[in-house]
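In what follows, subunit A forms one complex with subunit B and a second complex with subunit C.
Entry: the complex of A and B
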């Protein structure tokens, strides 16, 4: 399989193209996800349809580069409309996204059916547009991807500071005198181009996942923008290559969906295992906190009992401690913890006594918590 | 009109109204994109239900797909409740996964059957009348007309019965919860209605255009009214207009009816966006311009008032001085002065501007605020 990845022309091209695509859309998607515009990718990919149809209607040729141009123009117009509608009306971005994507798509459908009725034309490849056809990638397509993708990444490098400002504190940028609206448009335009670039590989519906999934995964591992972009690019590339390779091993396994599933798998792994933010870590932290609180609680309960009884060496029954605790079932385990630290010892069948050291520790903790010494 | 044409229009109208009604609440609750997510992920449900029943006409297909719609909503909520991703990202993560699994299942196992993905996504209204509902040999009409009419009645009943609860939980979820109206249950019920509608409509208009019919008419109505009841009526009306307009445009140009309906809905929205009284683009632009002028005129009055009867009055009230003091362009300054003169708040005397009594009153009133 690894041999094929390097020496099989189709697989090499497809893997390279998908990897590049994942890399670029991951890096640029980072900003969309941070700006709560995750659904922008979905919108752009749908709005591209009338652009492609118009490009064909006007020129009558099926040049991929021309399709890219038409798609990019339509996608760009769509996002400008979304921005305009949310800025000037009381409709929120979700409605604006929904209207623009569905109406543009509907209009594109009208144009496509119109084209199909024209006597001199064959099908304009709607199927390919909707679902993508990674296996049809040619070396030339990959070259276009590489060149355009590099330009996009270069834009991010050049305007990194401005884009960062737009992502995290838009109003601060305005107050500093940055032309934030122009920066918004530039940032969105890079995303439009990235989405259009991927349309013919993974298709309309799944392109939006490539914009969202790698950044969402990367977000879990770091709090720094620069690192997040690198990680998202790496995740995207990994998903692209893995998807291409996996789908090549089995027949009738479409590449686009497999790439999406790979990227989503990375998201799941990140959500579960990422240090600090991940669900597993959060769970472990909760467990640790609960245990620490229980140690304090049982220790202080024993001290309270000893104080009230007057004789510090009188054993107190497990049932008493359980009755005092909010989590009676954890008292036994906590007593074992305390015993291991030498702060309590067992006496008789189910009696427990604070050791002198445990008594000192308990008093210290009670004072630290604001109780009497 | 032939009977087929009438039937197509009837289906189009019923679909449009059935989509517009729940769409009102989606738009108001800011969950419009949930319709996009649901309409895509029901593909998964349709495929699974198809594998179980082996029958594309089975009613279980609708149930299975509706369950998937709810599954999407639950997954999105679970994901955003972890607070590791935001809600928009959660939506963008969940539906492509379900959609991908659906596409893969179709590609691998259903290649030979009539279940292809683009018919789910696009739909073709023109074919809808060919699928008839016959009971005991009697032809009652197109099947999808009955299915959609049933769904329309269901959501109409839901909205009428729970009108008060829906209204409250849409505009003030906190109060609804505090009063014990179970907004979460209502939310899921609403999403269930959206799922069922999306499934019922998908083979007539396709899943992407379901989104158009669910969002565009309510959004249009939202720009025209402040009352929920009127918004519901208006969006149904816009839906009907889009259906009719779309149908006849498609008929004339011989193009996709569903696409044409979506375009017509978009056109309605565009008209409202531009010309809605008080809230449309043009009304807002005009109001902003008027406010700018009024503000500038008041500023001018205040400026003249501050320097009136002082030694510097002669210099400060010269028209050229306004350019650097107020940072106005010459043209704007000229317009403002002309406007103020027309309104009688100042007079021009030997190149200097002088307030009139109404102008003085304007300045004092503005300063007193």
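Entry: the complex of A and C
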């Protein structure tokens, strides 16, 4: 399989193209995700469909570059429309995204059906934009992706500071004197171009997953914007290459959906295992906290008993401690913990007492919690 | 006190803002002299935040103009620093305290130039001023409300402005932080800066501020606290339901 990746021309082209696509869309998707505009990718890709159909109807040819131009124009128009609708009406942005998306996509499907009903057969192949056809990628397509993708990444590097401001605190940016609306449009335009780049490979329906999934996975691993962008780019590239390779192993396994599945897998792994933000970590932290609280509680209970009894060397029964505890079932385990630290020891049949060291520790903790020393 | 127009730090004329047909601010005239610490008070929905945003041209007014030190605001942006409401941003954004504070230098840096060592030092100085030096690289969601507020304050401080517009800097802040913030604002005033603060707690107005504007869609009154912060004006602004025993406080003042 690895051998094929380097020596099989088709697979190499497809893997390179998909990897580039994942890299670019991951990096640019970061801003869309942080601005809570995950629907933006969806809107751009769906609104691009009528652009592709119209490009074919007007010119009557199937030049890929013309398709991309039509797609970009329609996608851009759609996003501007969303911005306009949110600004001038009471509609919230999610409704605006939804409306524009479905109107354009519906129109695109109507055009597509109309084209397919035409008597000549030149229309064949337009429907590949719905789900993408990565295997049709040619070296020339990959070159276009590489050039355009580099320009997009360069834009992010140059305007990193302005884009960060737009994503974090738009109004503050205005107050600093930056033309934030222009920055918004530039930022959105880079995303439009990235989406259009992917239409041929992944298709309008699934392209938005490549915009959203890599950044969502990357956010789990870092708290810095710069690192998040690089990580999202790396995740996107990995998903693209892995998807291309996996789909090549089985005939008739479509590349685009496999790429999206790979990206989703990365999201799942990140959600579960990433340090600090991952579910597993949070679960472990909760468990640790609970154990620490139980240690405090049992220690203080024993101190309380010793104080009441007047004799620190009088043993207290497990049942007494369980009756005092909010989590009786954990008392035995906690006593074992305390015993291991040398703060309590067993005395008699089933009695427990604080060691002198444990007594000091208990008093220290009670004071720290605001009780008497 | 008779002053030339250019003496006013902030000079607002005939400012009207309407969302659809409903006016939020109606024909506001406001002259703020240089070097005062001014509270903007009024009931909920009085247009306090809208006024700050209209001064900054963040909402477009239906009518009116704003001058800062005698020139239109658009020409004087550099002189004005803004502290937005804490709730206006996503605190889970992947960034840390120093990074946010350095944003205060972005305007001076201009297009595409990245913050460097000098900006870092200026930001560190502001962070020390607000007492956040132990949290420099802390992710901003890991801060308490008061700490987040102090980060916003530090970000405005590094702008080194002449006029500060602050939208509820005491919201969600504990008593100790509130004292620290008000001391900082009073320091700014001593340094000759002009500070406008949207404020909610009428009790503390006479203690904290020397100038006050009462607002309820219209400007009810504006001037020195001991002249303007009267029971009558409060009653006009709050529609007769003054949310504290104003007479006691006013007599004190």
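Everything below uses one rule, namely that the second predicted complex is superposed on the first by the 362 of 373 C-alpha atoms of A that agree within 3 Å, B and C clash if a C-alpha of one lies under 4 Å from a C-alpha of the other, contacts with A are read in each partner's own complex, and residues count from 1 in each chain.
As a convention for this text, a contact is a pair of C-beta atoms (placed from the backbone, for glycine too) under 8 Å apart; a residue touches a chain by one contact, two chains touch by 3 or more.
Just so it is clear, the structure is predicted and the values come from calculations on it, not from any experiment.
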{"item": "First, second, both or neither for A:117, with subunit B first and subunit C second", "value": "first"}
{"item": "Touched partner set for A:253, first subunit B, second subunit C, both or neither", "value": "first"}
{"item": "Which superposed partner A:219 touches (first subunit B, second subunit C, both, neither)", "value": "both"}
{"item": "Touching partner for A:174 - first (subunit B), second (subunit C), both, neither", "value": "second"}
{"item": "Contacts of A:36 with subunit B and subunit C, given as first, second, both or neither", "value": "both"}
{"item": "Which superposed partner A:228 touches (first subunit B, second subunit C, both, neither)", "value": "second"}
{"item": "Which superposed partner A:159 touches (first subunit B, second subunit C, both, neither)", "value": "second"}
{"item": "Partner chain in contact with A:63 - subunit B first, subunit C second, else both or neither", "value": "neither"}
{"item": "Interface residues of subunit A shared between complexes with subunit B and subunit C", "value": "36, 219"}
{"item": "Subunit A to subunit B touching residues, read off their complex", "value": "33, 36-39, 41-42, 46, 85, 88-92, 94-95, 97-99, 101-114, 117, 126-127, 130-131, 205-206, 208-209, 211-213, 216, 219-220, 252-254, 256-258, 260-261, 264, 267, 271, 277-279"}
{"item": "Residues of subunit C defined as touching subunit A within the complex", "value": "53, 56-58, 77-78, 80-82, 84, 88-90, 93-96, 99-100, 103, 106-107, 109, 111-115, 139, 155, 159"}
{"item": "Residue ranges of subunit B touching subunit A (in the complex, touch as defined)", "value": "27, 30-33, 35-36, 40, 82, 84-86, 88-89, 91-93, 96-97, 99-101, 103-104, 107-108, 111, 117-118, 121-122, 208-209, 211-212, 214-216, 219, 222-223, 250, 253-256, 258-263, 265-266, 269, 273, 279, 281, 284"}
{"item": "Complex interface listing, subunit A residues touching subunit C", "value": "34, 36, 158-162, 164-165, 167-169, 171-178, 219, 222-225, 227-228"}
